[in-house]
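Both complexes shown next keep chain A, but they swap its partner, so chain B is in the first and chain C is in the second.
Up next, the complex of A and B:
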């Protein structure tokens, strides 16, 4: 029994060695800048006060909420997030259910083709779609005018259409993630449940509604939470499709708006405050959503 | 069961799958087409897959007359460092989080999740201000640190989730045979976690290989550029060099897309069991 004390100490050192480096790195490069950001958000730092900045209190937060464009872009961000996530989940689950049917031949091949949008680097997707939305030479307008006899759309030069273009691009690149998650979830549903339902003469819709959906729920909820957070913060697509907010700085979500405020207008204090507001929104959403749905119950 | 209903269901399924697959592939065929166009056809309204008089000129120019190879070396360097660091830290800390109870474990796991909610500017802005002060703009150190920190939380959760599925009796058996904790971990568990390690490596690599927004702020010297910055440069605000851009995009995408597709089988088992629980 003498060894057991040494063993415990040894185990403690072992755990510390395993986890220490990660914690140190995360603390150094995430926690420290985080607190620095909090201080910046309380300061007057901008292009004119880059060295002689000082803490001035909550003025920057008040300035954020007083800015009419903040509310307008918050609304755009909510529309952006909701539309994208709904389409991602609906398309992803639908394709997964279709692909999971027994009679479908060539499953690996279908899967590979459908995963392609996820595999392509996001910035290349965004820049390529920007090209496809070009008024004169872009593939989308060419298809619309040549094959469907519809008028060409001014995708990138009018605010509504540019926003729509970014949403379409993001829907395209986001559904495979949800599909892959749903496929994994479907594989864990026992076939006997469907066999029993068949024996009772249940329709396909009934089986989907009463077996597939409830059993996919625990798998999809965490993925949806991540999806909301990632979409809300997805600066790549919005920034690159609209080439930094074109036309006329209209095509923004909060995260691209704050990026511009920081690195084009150098309103550092104001941008730091807006970053905090974005973080607070997502934090509240996640806390409420996870609590409501008990999505992480199985995680610990 | 009615037979005709079945046939309709099958036709409908294939039709939807076919349309979805076509939409998934189409933008990629556009990149291929444009990269093969000769210089005088770049502004063409043709939708043909293989353009008239197709040529590899764009690739030749890209590789010999632009900084493309230089950017590729830069990107490889940054991405490999991030991958190695990410895998090393996520595989060890994920193991501890999966197997042992210790003070602060719950808040650590939650804290890692919280970092996913930071908007891009939350870390970038303070680091940018610090880098200006330290005269460290245009260095890879800053960017490597930011990428590793971005990739790490997801990777730790992913590894932890996978270790959770490996029964602890395996280490116990090894321990009874006289192996140390470290040996039980590296010799017994780590090899079994190979699929999760592969996914973790892939995600870390892709984080760095595909990142534009951070690099755009931190790197300003053209010779320091990573691939995303270089490719964006072809899409200038005045004129877009579509041919070079398309050829470059294809060369950049082929390796990651290939890796991703080869590993997509692991994604379905590895990802659902791991990260998604978070």
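Up next, the complex of A and C:
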């Protein structure tokens, strides 16, 4: 009995030793910054009160919702997120299905080639695309004008085109992730299901619709959730392709708007309040989406 | 490996003075070289330089300093000083330097704000100047109409594919800082003496119209450009001239361009020279500088801003010195490039140091670019600039 108690105590100590460092780490890098941000969002911290700031209540939240540009940029962020994730998933799943076919030769080489956009550092890709979108010297306009007899597009100087340029860049960057996830999901689908469908004379579309898609769902839904959160908060591509929101701050998404408020205007309290609003939007989305789709439940 | 370990041990025994700077191109190469020389000759301390782009460096420095961290010294332009001082990120340089040291400097060699000296300069300038490739443009123009006429003869489609291969002039005209010389040439400015923005004026509209004419009517400048594109065009010999500052000039000779400097031309209708902002560039001291490091920081500052350094910089980088004894060196100052640079400075306007300048740059950029894109007229754009800047200044207080 005494031995058993000692063993239990030793086990508890062992578990505490295993968990302890992780708890300390999570508290230091997640909990502390989060709660500090909550306090900042309730404060008047700005250029004039950077050291002597004080808690002023919910004024910054009211100012966020009273800012007309907040609603405009929220709408743009939703369009940005939806468009990107839809294209990431559609292109990713299509390529994965293609790569999963027996007739495809040189699969490893294709996989490497298609993962390249994802493997490259985002800022290099974004700046390269920015160069390619240059009106006079960019590769895209050169192709359009020289080989397709189309007029050059003002990719980076017109609001709509600049927004489109950022979306195109991010689609190129993001589809490999969905492709890799979908490929993993496809390879775990038992071949017998397709054989049985073949025996029943099912068409390729029917097999995709009734076997592939339902069985991909459990792996794709968490990936889509992650994709939404990442894309919603993807400041790199939008900021670098549009050179910080150009033209006329028309190519912001919420997270780049936060960055500008904090580090260009030094409105730390306001920026913290806006970042809490972003957190609330994403938290609600994730909770509702995972709950509705039962994404975390097993497929079989 | 043993040698590298020995090196690490030696470095760890020495006091480290960290310096963030925003020097680029040839200026950065020069800076790294003189820092290496300094480190090789000092056994008890060393300088650890780190490049930070101007905006990034300013933001990170404030955040680091408020958090009790940050580099010991920071190098940058004078317009950073008021924001640093306002956020108590820096301390007066007089806390570190010997009392008599600054007496050797000209009036422009230090930056004072609210009765304290916050920056000790290694150069005066930061001024945009007309830089021309002598192979394509032997004589620089002096008036805008002369300039347009000369540039028109240089701008050409050399291979007959319908696209312009060689421009007369290029510069980063989509950025407000690079618009200032033309604004001032029409008698305008960014703010009045009280720090209130003055953008919705006839001067702003006329200056914008001039740039649009050069682009759309005479087509002597590229249809769209940014800093890097402009640099590339000039360095590749595809533009006869560029408007750029002292930080870039040495880079042109490095790529083999025989260049000259001249004043940005005069606008005949106003009789005013295009006047760029001029400001000192130099070092400020972090408010968190450890007391034990003060003697070392002082020696580093005296080395980096001292007469020998300023003489070398003037020689190799054509920067304008700010120490009286160096300025009085007639042999040094007779250099053709330095003389031309000084002629531009003569007509320059001191850059305001008010903290609102940040909001003005950021607020005018968007509407200014909309005008350049043709989305709004110069009149509408000028009004938008004014409103946007006023809103940003008001927002800063929330």
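The rule is simple: the second predicted complex is superposed on the first by the 295 of 300 C-alpha atoms of A that agree within 3 Å, B and C clash if a C-alpha of one lies under 4 Å from a C-alpha of the other, contacts with A are read in each partner's own complex, and residues count from 1 in each chain.
As a convention for this text, contacts are C-beta pairs under 8 Å (C-beta built on N, C-alpha and C of every residue); 3 or more make two chains touch, one makes a residue touch a chain.
Keep in mind it's a predicted model, so treat the numbers as computed, not measured.
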| item | value |
| --- | --- |
| Fit-or-clash call for chain B and chain C when the two complexes are aligned on chain A | clash |
| Partner chain(s) touched by A:18 [first = chain B, second = chain C, both, neither] | first |
| Touching partner for A:249 - first (chain B), second (chain C), both, neither | second |
| Partner chain in contact with A:270 - chain B first, chain C second, else both or neither | second |
| Partner chain in contact with A:115 - chain B first, chain C second, else both or neither | first |
| Which of chain B and chain C A:136 touches, first, second, both or neither | both |
| More chain A residues in contact [chain B versus chain C] | B |
| Chain A residues contacted in one complex by chain B, in the other by chain C | 50, 136-137, 243, 263 |
| Residue ranges of chain B in contact with chain A within the complex | 9-10, 13-14, 16-17, 20-21, 23-28, 30-31, 34, 43-45, 47, 88-90, 92-93, 95-97, 100, 102, 106, 108-109, 111-130, 132, 145-146, 148-149, 152-153, 156, 181-182, 185, 206, 209-210, 212-213, 216-217, 228, 231-232, 235, 237, 240, 242, 245, 249, 252-253, 256-257, 260-261, 264-265, 267-269, 271-273, 275-278 |
| Chain C contact footprint on chain A (complex, rising order) | 44, 46-48, 50-51, 59-60, 63, 134-137, 154, 156-159, 243, 245-250, 260, 263-267, 269-270 |
| Chain A residues touching chain B - in the complex, by the definition given at the top | 10-11, 14-15, 17-19, 21-23, 25-26, 29-30, 32-34, 36-37, 40, 45, 50, 91, 94-95, 98-99, 101, 103-104, 108, 110-125, 127-132, 136-137, 139, 142-143, 146, 172, 176, 180-181, 183-185, 187-188, 204, 219, 222-223, 226, 229-230, 233, 235-236, 239-240, 243, 254-255, 258-259, 262-263, 268, 271-272, 274-276, 278-279, 282-283, 286, 296, 298-300 |
| Chain C to chain A touching residues, read off their complex | 55, 59, 62, 66, 83, 86-88, 163, 222-224, 226, 229, 355, 358-359, 362, 365-367, 369-370, 372-373, 375, 392, 395-398 |
